[in-house]
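Would you mind keeping the following structure in view while I ask a few things?
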């Protein structure tokens, strides 16, 4: 079969595409144009991780929305809770993957790799938490988060009892549901804005390739 | 067929059921136990509409969550926007109906009857906005809200252009999406808590029956 | 942010919409043009409830269809059965809500409020029977009706055994399924005709608002 | 790989299964026990096609239901209509296939082979009307029937206009929808009763195999 | 109702349609143009069953694809396995029916009628294996095959344990999954090519009609 | 609210989980036990990329299946085609992501990063090709692949015409469909076997993190 093995020449992969790194299809203000509190927050974050995540820039277009979103976000993701921060990031990644949200899987996938200190399981959760290498507690958390993410969700007593069998209290159930449902909201806002992941997120929290 | 027409005796309808009016399956604090700012808000609302909506009581169990939720809610539902308050309530009712949320359809259905001043169309939207008697602008708003509510939503340029053909700007699209997606979040929290509608909501905003 | 709190003026809610009260997109005959038996039935109903339901007018366009539909309808809804008339109306409302049928939810929602003598639970069933305040027997009835309404329904022995555990016989299962499936048929005919609810239905069976 | 090609012995196909030919899981009366009108109908049908279709026996258990069902059925399937009887059978087969109804696909598949005089296209419609060899008019009919069969169906003006472009009037649309939706009802009743096809149906209307 | 019984004249059923018996929308080579090994295979098959199945002609357009497909197909369908050949054909028919594949249901339906020696149950499986007259082993096989065919399939330990309770080993599970999933692939290739069943398939394996 | 800000101690993330790196739940032979041709292939691959991909080990349990699978796989992925190898890997990643296949997204995600030379767009395709930065040709390819992956796929003339407008021939359509559908098959086999990605895949083809 010599003809078959003759290599054809193909165009370069994805020729002509350009990586879109716009924060939002609706545009974003320059830092200098932002209200002081928002600009400060952006600058502090850049000092810490090296860049301003596009979600900050996108929401900064409407400062009141920026403030309400970030305040709720920080309460859910950084406030006191029976769930660790890494567990909460795992919920975000699992829900955002189910909702096909490019920005949130990319940005929170990076956060999960860093906070969870297990890049492989973070990548697994980004693909399919059901077949990821999860301990029973984390499996119970993500299983409930997936239920919450379903349209028409209404919890049954049995579901809450099952969470308790893994040591997860009513407040933990609240936090799982609140994180899962808030990111269902956030995923849709990212989908509205065509929010693009900052290029830095793809490599964050990955060990250098060792071959 | 005389036997057939013999009336049988049946038990009273829904015999033994009790109307559950608990704010939340997780319980709710008494007003006296609430932080001052939250108790004040509850009392002001009761002064205005005659009762404290169960969503206030349910969230009051966790004051920080109460505050973050209400602040965002009020920004979206009462803040400045190109959408009228009645239009925003219509989005909430349509999305909550799609998500089968008993509390939100009931409570915001009442709000829509009052703010929209058309109880019949409010009831239609609570059943199926697609066959409701809608003007083109409201149809475009609810059609986009329904899209946002779909899992995996990502807006296309074409959808945004269509909104513009009805005079709806990018900021209006943002507001439609934010209200729709925030209530997807809220619906799921109500489903978590088994939040029950206050009995007063069912009749609010209905003209007295005139026959 | 004073600008933000400046109230905007919005157009009146749903401006330009007109309430469509046509019985059917295919038109309907005047009473005078109807065959005697059908006209008589329409007039008797009007004498009883004050108006002729649009389903009568819509089907009257094709008298043979009117007769076959009404005869089957009355057998199922008013004939002898182990299910009370209110229970049968509850099935109709739950199935019609699942099928998003504006006419049937509105008209039979009114019937359920009247026959069931519990306007709140009737409204709950119209929104989501799963989270309604139902006694176990009614929950079992509506749960089976929802199964019947699914495409590809085929009952299992186990489902019928479960109905029996609530005192529901094979004939009761037949009646639940027949009512549920007949209204799946009726919902689709209403969807074909764009059948509009008579305006009177919205308020029927509701207690006057007492605030 | 000689081991691999060693034939294994397997049990006979479907060993131990018995062909269930019961009309209904709820039982069926003997002809002698039936009311006169129903027994006569059964006997006439047996005289014509050689056996009593199980749908007759299953419904005969409840004579009033038998009468209402058959009267409506005959109006829809044999009454005056712009659709030929074969076209109506094609709707039944396509809808029943979509609803996975063993009894109706088998019994009406036989009827379609006989009335349509094209056993191959009848078999194609029983598998997938979308890829069957259909003339444009029949494709338009089955396409609309499939839409009617979807949950939540509500016709659009555009769909009715498209039917008209194939010469199908409003009354034809009514008949397509009525046949499709009535058999959605009938499919579910067959699924309730576990109605089994009479063995004779499988071969009816097939040319003898000629090889 | 004499007018109603007046027969209308309708056009002949499916008037103007032509039975398309092309192997593939992409065309197929004549036997004389095929490579020797493929032509020989086609001729041998024709000698055995009287015609060349269209799947041979369709794949012959690309000989390397023909060879890879047929080699895998024959391993799965005729190679050593704990499943009988009829059981494997039953899997193909059940999966192809779920995937609405006209070619595969028709061609493999014929094979199942012949190999299984029970034309009625073969037809039942082609309509809905769930309501077919199946022995427990065959039901377990087709139930697992249906699971494999679902998008996102990942087997659970429990599912494999259930297969074992029917005497089905890990290798049997492999074979069920491989046949089911390979035909999911094959169904899609047939859908790509608009592969048409040879007319002979419809009657193959059917007893001559005896009335 | 000082109590709220008191940090809790949480258990380490995913505590107690172990990374499962078994090739298959059915086990896999040691290289020494494999037939010569298969062992040689495994050793050659190890020499090239540093490890034996688990898909080789999993299929090696049944050598005939190994050979048939690999032969077809290599024809589709490395054989002559109008699609470049990177484009084919992009199809595999997009389809495997839609099918939630952990092994295939991980292994072929690595291949796509290497062959496509654009790790960011490879990661985007693994999350959601619809919102990835794609040139029109690659978008057309993945769009058609997604269609092929749907249950019940049957191509329309219009879809093939659209491919042609991007310079994609009938043979290209064949190759897109064959790759997409073959990996639908492969995804299901991986789901059957609980095939685990080799740990090396996660980092392959990623630039070292530079911060």
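Each chain gets a letter, A, B, C, D, E and F, in the order it is written, and its residues are counted from 1.
Convention: a residue touches a chain if its C-beta (ideal position, glycine included) is under 8 Å from a C-beta of that chain, and two chains touch if they have at least 3 such contacts.
Model, not experiment: these values are computed from the prediction.
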item	value
Number of steps on the shortest touching-chain route linking subunit A and subunit F	1
Subunit B against subunit A, contact positions shared by both copies (same if over half, else different)	same
Copies subunit B and subunit D - rotation angle from C-alpha fit, nearest 5 degrees	120
Centroid spacing, where centroids are CA-atom means, of subunit B and subunit C in whole angstrom	22
Centroid distance [mean C-alpha coordinates] between subunit C and subunit A, Å	43
Distance from subunit F to subunit E - Cα centre to Cα centre, in angstrom	28
Residues of subunit D engaged with two or more neighbouring chains	4, 64, 79, 100, 128, 130-131, 152, 154, 191, 194
Touch list for subunit D against partner subunit E, complex	3-8, 10-11, 13-20, 50, 79-87, 90, 97, 100-102, 105-106, 115-121, 123-124, 126-128, 130-138, 191, 194, 199-200, 202-211
Complex interface listing, subunit D residues touching subunit C	25-26, 62, 64-65, 68-69, 71-72, 75, 79, 98-100, 148-149, 151-155, 157, 160, 170-171, 173-174, 177-178, 180-182, 184-189, 191-194
